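Listed below are the structures to be examined.
Shared between the two complexes below is chain A, which pairs with chain B and chain C, respectively.
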Partner chain A sequence: MSYKILALLDILLLVLGACTAAPTHVLPATEVISIYPDYIGVTIPQNIAPLNFLLRNEQVEMVSVDVVGVNDTMQITRKGNKFTFPLLAWKNFLINHTNEDVRVTVMMRKAMQWYKFDPFIWHITSDSLDSYLSYRLIEPGYEVWNEIQIRERCVETFKERVIADNNLLENKCMNCHIYGNNSGNLSLFHLRGEGGGTMLNKDGKIRKLHLQTSEMRLGAVYGSFHPSGRYGVFSTNFIIPTLHTIGGKRLEVYDTESDLVVADFNNNRMIQSPVSASPNVFETFPTFSADGKWIYYCAAPVVNLPDSIKKMHYSLCRVSFDETSASWGNKIDTVWNAKTNGGSACHPKASPDGLFLSFTVTDYGTFPIWHQEADLQMINLQTGELNKLEELNSKRSDTYHCWSSNSRWIAFASKRIDGQYGRVYFSYVDAQGRVHKPFVLPQKNPENDDLNLKSYNIPELATTSVPFDAISIEKKSQELVSEQFK
Partner chain B sequence: MNRKNFFFSIFIIIGGIVLFFFFYYLLPYHFFHKEQVHLFLFNVDFLTQYLCTPAFLSSLLGDWLTQYYYLVGGAPAILALLLVVLGVVCYMLLLPYFKGGTSWCAMLIVLWEAGRQCALTYPLSATLSLIGGGLTVLLLKKIIEKSLVVGKMLAFLFIPLSYWFFGYGMWITLLFFILLCSKWMKIGMLIITFAILSITRSITNFTWNQTCSYPSNIVYFLPNFQREELLKVDIEYSRGRIDKLQSILRDAQIDHFIKAYYANLIDARQGKLPNRFLMRFKYGTNALFMPVHSKSDYLTIFAANEVWFALGDMTISEHASILGMIFSPRNKGTRAIKRLAEISLINEDNEGALKYLRILDKTMWHSDWAKARLPYKQTAEVKNWLVKKREYIHKEDTLRMSRDISRSLKGLLDSNSTNKIALDYLLCYHLLRKDIRSFACDLERYRQTRSLPNVYAEALLIYYTGLGVSSKQILDSGIPLSTVEEFNNYTKIYEQYGGQKKYLQAQYGDTYWLYFHFAQVKDEL
Partner chain C sequence: MNRLLAQKIGMNSFSLVFGVTVYIFFSVLYSAHLHYHEQFQLFLFDSMYFKERLAVPGGLADYIGEFLTQFFYNSWLGAAIITLLLCILQQLVWQVAKYFKKAENFYPITFLPSITVWVFFCDENALMSILVALIVSLLITCFFRSIYNYKLRVLYGIFFTIALYWFIGPAFFIFVIITSLQEFLLGRKRKDLSSVMLGSGMLLLSTLIPLVVQRWISYPLVNLFVGIGYYRFPAVMPYVEIVVLTMPLITLLFFICQPLHPFNNSRVFITSQVVILVLVTFSTVWFSMNLDKEEAMHYDYLVRKKKWDRIIQIAEKKPPTSPFNVTCLNLALGKTGQLGERMFEFYQNGIEGLLPVFQRDFTSPLPASEAYYHLGMINTAQRFTFEAMEAIPNFRKSTRCYMRLTETNIINGEYEVARKYINALSKTLFYRRWALKAKEYLYNDKKVDHHPEWGWLRKIRYEEDFLFSAKETDIMLGKLVQHNKANKLAFEYMLAYVLEQKDIEKFLKYYPLGREMNYQAIPKSYQEVLVYVWTQKNGSLDGMPWTISPVVKERVREFAHIYMNQSNSEEILRNRFGNSYWYYLLFKNMNAQ
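Coming up: the complex of A and B.
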């Protein structure tokens, strides 16, 4: 129904657009194009929502865009400095030009005169992005929160809905919402505070779990699903927030204790690892390999904190996991050595095809969100080759990434625009493992990112929508008693 | 106009004037503050977002009008007018039911609503919602007078429209319709109401309470004149009217830690902190650094940023500004956004500043302020101000807990030893906590001049006496001979009367010695 209404609106907009005078007597622009978001020269999936943008050049009266493909052209003119594509026309154009380069020419009218900027290219790939993206929207408020929502956005349109809202949950803090197998039918998030628990969604059935046993000093924090959906691997962390003195560096968070544990969701059992239980080593950010036979995680020797925080360097390690016997292996491999490579590794994520392992590298520590130097890197698990992903990274924090189900896209949170508010970016990974220039999650109103005072946090991609909403989570959180684990 | 209407009109006009002067003279800062924690943007997409919420019309109008609270007399004029309109609407609604005491009933409703407007969290849109709900009933009654059938049919349409336009004002509409309708229509209306509320809840993620009362958020409130005094101090400081603030604080009793905090801040800016901070010792270190934690209210949290901003610690200032903003009634506000823009500019983070300046550029009153600060287009005055502010910020990076005040201040002094405000705050902080050792160490490390303010000399003398330092060394350290003699005399009286305060109070009431011996160190809030 809503799609039909959108289509009708599209037609209306096209008619209105057609009524707006097309550019005539166009001169070459003498100024540099200032476009937000920066969509110049990007590779985009065939199923992405329109890349609406605004021109920041001064005194723009109208904007006109020609998108020229092999077979046809999309030419639209808009009043003001904001440019939006009609959804239906955009969808058709992308489908008709899949696996092609299209040439985009932006023109602006100033003082009744049209000017044309140098054209740029969009490559439209048939490798689709997973249709749904979830993220936490939160004020970038250092240690505390007030309003938190977990939202789900359809990346093919601009449809967004709230799937958990702390307004309905007695203002409890909600941690990251993660998927298993990029599926909306397998996901979880932690609800903190009294009466909270880990909300596990499996095929629409919601369970509330208490992922801590009497032997465990701390509860589950960062985690990832096993491909079977039966297990989840988690770190248990005692987290300390501190403030930097230099403005712009803001917050540093470190662990004073951390370990790894596997949760068996079928038998309500926590399986602790003897090899990762060393008190002299911090372990965090565990994730399963694509085949579920390995657990990758970050590990660092204990140092005196916070004074020696800059000496705290996490390496990337792995340990085997046997699904049948639900047991950890007893040998730890170092996949990326912090000492030899320089820096500290965080948030490893394996691509679903098993070829790559991507992770964040910062100068030190375990909290890359406010580290301006935080960049994503990727290891080819077959060759061991390290790719520093220079096309993807920026001079600000680039972190908290995830893979699409076809292993062709990386979604990640970046503070590259203003250093404070995170936004979701997508970068294409081609068949050769090369990453392409990323583009930001398109918004219906391209000015939204300017006006929004919330940060996009922990983006996760899924092929299907989750079968719950904020009201059902409110109900379940009140009804359910946390299932205990032993 | 008949005699009755004439007197009624006079009554209304007088009521409006009384309301105007009440708000104008007794609560002006309350409404200035409301503007500071409010954000209304002239942007099509921002405005169209109102359409997606209940009470869109009253919220839109209310938020638009709240901007005018920025002007002197703006809020009193708007509120007096709206409350008079509310009174007239209530009078017209109640007239058929309370013929004898309708005016009194209407007046009581106006007083109740005027009281609620004295709450910081209560929005203007809630008053507009009541007016809107009442006007909807009056409109429908007119229609029913002409055609009962059409009127009753429209009643079903007016319930959802009333909720969409006026939120909880719908309850007025519903109540009057129920009084007018038959049993089955009443049941139908209640079903429609429940359906509307359920749908709204699923769209907005409001709790049931919020869904039923939006945009109102309180039942009743009484004017808080003590808070008005605090807001006066806070707002005058934020507007940079230091002379006015000084005269306010000079005349007023320092009866709250927020007043003491601003009094200390002004004294520090004028280099007078060491001479005066002991006058406000009863508030402990909260009068120097306001607490930022889960039990603090947003007023305190936001005001806490001011001292750090003055000292040069941009991280804690930003931390307090953001927290103050996100815990304020609407989670945003022009004052906080301005401060965040300033902090980004001082940190030479132009992209960060642009985020906030672009927002302010779309406001009615703060657009010019934002334009004057746009990177690469700053006025000379702004550029000079930035250069000065940058001289005092941290140059070296270290980590500290947000309450590790001493470490933060030492970092500022290590970055710029001429940061006199930071030095005074550090030393006075130690003295308030009776941490004489830290005081002496930091004084030794950071002092720039040989001469010492009295209170520092007195405290240093306590330290040296404890160490058994020679008289020569004491005098060499900059402690005046007169202070040493006074201290000897103080000690003599102290010992003579067995350490009884009353014998020392008259002569040594303003010395650090008396504070050190007798004051109870107050725990931080």
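Coming up: the complex of A and C.
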């Protein structure tokens, strides 16, 4: 019903738009186009929401856009410098021009005169993006948190809903929300503080887990699901935040202790690894391979902290895991060596097709979000070839990524706009493993990224929506007693 | 006729006296509270901001309340706004009360709701939205009684029960209860069941609304019943707030029930009411006001406005004792080049009164952030400011913090971030001009370098990257001094820091750095330390390698004499040498600080 109303509104807007003075006597623009977000020359999925934008050239009175495909043209004119596409017209246009290049011409009216910028291309690919994206929305603070929400956004429209809200959870800190198998029916997040626990959503049922045993000094932090959904692998970290003194650098976060552990959700059991339990090595950011037979993680020899923080370099390692016997392997392979490659690896993530392993590289340490030099890199797991993803990275922090279920899209958090407020970007990975120029998550109001002073943390893609909302999480967190693990 | 005129004059006189008293209270006694309110919000002339406010129950009252609070930028204007609204509230209560029973003799009682709001406003976390909500609720109630058509009343009643809940929050129940009561009375009078049904329907609807709203709003149910925006801590509901919300109804009860009926036409009755009201008002306001907080807020405001001499003047009249106030005073002394000379003339409470450690709240980090900012520790100042703003309990942003964050980001060359804050500030009424001026500095390093404050701070800030350690603040300050020898403030803070810690060894280690600071004379506190050190190893004051003033020499002799020979030396020394470092060193209990 609401979709029909939306469609009617779209048609109405289109008619109105058409009635709005269409550009006439258009002259070539003498200035360079300045649009936010930068959607010039990007590859977009056929199911993405309209790429609304702001034309930031001075004194713009009206904006008109021609999107020309093989079969038809979409022309819309808007007053002011804020340009929005009607949702239904946009969707139809994308579906009709899948796997095509379309030419986009932006025109502006200034002092009653229309000017036309050089056109640019959008490539519309049939490789869809997973429909749902979850992220934690939080002020990029230091230690204090106040308003934290985990939200789920439909990337095909602008529909966004709150799926967990600390305002309903006695202001407890919430960690980010992660999916298993890119499915809304398998996900978890940690709820910290008294009465907290790990909220596990599996097949429509919410459980509250205490992912720590009496033998474990620390609880579970960073984690990932096994493809079977039965296991989760986690690091246990003692995390210390500290402050840089020089301008442009903000926060340094490091571990003074860290290990790995596998949680068996079916038997409420924690399976510790003797291989990764060395006190001389920090292990963190574990993730399962696509087939679940390997655990990739980051490891660094212990150094004197915080004095030698800049000598803290994590390599990318892997250890086997046997699903049937629920046991760790006993041989550690180094996949990416920090010493030979230079830098420090964080957040490995395997593509669901098993072909690639992408991760973040910083100069040192283990907290890339505040490292401006943080960039994503990718290893081809079949050839071992390393791709530095230059088309994707920026001069500022690019990290916290995830893969779409079809392994054709990488979603990641980037602070490229200002160095402080993270936004979600999507980059297409083609059949040859090449990444394309990324584009930011479209917003209904393109001014949102300017006015919204919150960061989008840990974007995670899923094909389906999660079966809970903030209210049900509030109820479950109160009702449920944490299940203990042995 | 004359009696009516006299009655009207009498009523207006009440209002005038009340208004003048309220105005004097807020503009003279409680002005810093108004500035305090103003700094913890960021009212934007922006549709997104408006929509954000309207997205929660009570949002319109919050929006109007915040709109009005922005005028607290000028305390006299803020006091005038509060006075005006309290008078409007009283008049509305009178208008509503008259409907039930026109009893001029109970007129003084109609001041009760305004008085309770006044008492509530003595709490620094009570927000203007509650007053706005009360006024709107009573205003809508007044209109209701002029509708005679039943169907229209039904429509009006249902519509405003829902709309008022959404726009003004729980104060809507004043409208619901009064109009329901009206309907019940009407029903009884006319023996009309439909009026009773309307009244009951509105009451039922009012209890159902929060339950329904909970499906869409991320707030605990209790908040949806008792309100979100009336108090800065949404999860807290002080008992005074309950009194404020119920007082209009209690006042109406007086009119409906008419207690002491046989006597209420007498002058004595009215006079008694006035006397009781005055006594109640003064006693409750007296017990509710907090002049210690007002003093702290005043110090903080003066620091924010960089009125250093004024701070010192106030401290000279009444020396501050709380770490918060002492932090402000020490910064003022430092900024006027008097820290080394005079700091021990005032009460000192250790490093907590100099550079306090970070506390997770929204007020205490602000003076500390000011000190860090002026010292050149830009990142630390930024952190304290950012965290203070994050800790504002009702999730509001802060004009003051936005300004400081703009500055720290401009100084650090983080222009894109500064631009975001400037964009927001340029949508405000009182900070727009400042924001547009600051905008001229974006992406223009040369212009920033020539700014009298930002240029200086850019010169003195750290250029070497290391991790900040609050446990080694003296070393952090030392690095600032080493980086720029012209940073006299950092030098004086470094010495003050170790003196506050009674670490004479470190003082002697750092003191020689002052040779390059172009001091005309050794500041008094430093002289006192040096003399003390000398006397520990030498029998006479002759041969000291420093230029010590004869006054200090004389005083140290006297101090030593009393200290050595008097059994109750502490008391004597406190009176005579309480303003010296020697007294601080020997008698101030560090643990008690």
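We adopt the following convention: the second predicted complex is superposed on the first by the 486 of 486 C-alpha atoms of A that agree within 3 Å, B and C clash if a C-alpha of one lies under 4 Å from a C-alpha of the other, contacts with A are read in each partner's own complex, and residues count from 1 in each chain.
Methods note: a contact is a pair of C-beta atoms (placed from the backbone, for glycine too) under 8 Å apart; a residue touches a chain by one contact, two chains touch by 3 or more.
Everything quoted here is computed from the prediction, not taken from an experiment.
Undergrad: Once the two structures are overlaid on chain A, check if chain B and chain C clash or fit side by side.
TA: The answer is clash.
Undergrad: Of the partners chain B and chain C, which touch A:D38 in the superposed model: first, second, both, neither?
TA: neither
Undergrad: Once the two structures are superposed, pull the chain A residues common to the chain B and chain C interfaces.
TA: 139, 141-147, 149, 162, 165, 167-168, 242-250, 252, 306, 309, 417-421, 445, 447-448, 450-451, 453, 470-471
Undergrad: Using the touch definition up top, name the residues of chain A that touch chain B in the complex.
TA: Residues 139-147, 149, 162, 165, 167-168, 241-250, 252, 306-307, 309, 417-421, 445, 447-448, 450-451, 453, 469-471.
Undergrad: Provide the residue numbers of chain A that touch chain C in the complex, in ascending order.
TA: Residues of chain A touching chain C: 139, 141-147, 149, 162, 165, 167-168, 242-250, 252, 306, 309, 417-421, 445, 447-448, 450-451, 453, 470-471, 474.
Undergrad: Taking the complex as given, what residues does chain B use to touch chain A?
TA: 41, 43, 45-46, 201-202, 205-207, 210, 294, 313-316, 318-319, 322-323, 325-327, 331-332, 343-344, 346-347, 349, 351-352, 354-355, 358-359, 362, 393-394, 396-402, 408, 411
Undergrad: With touch defined as at the start, can you tell me which chain C residues reach chain A in the complex?
TA: Touch list, chain C to chain A: 46, 48, 214-215, 218-220, 358, 360, 377-380, 383, 386-387, 390-393, 395, 397, 411-414, 416-417, 419-420, 423-424, 461-469, 476, 479.
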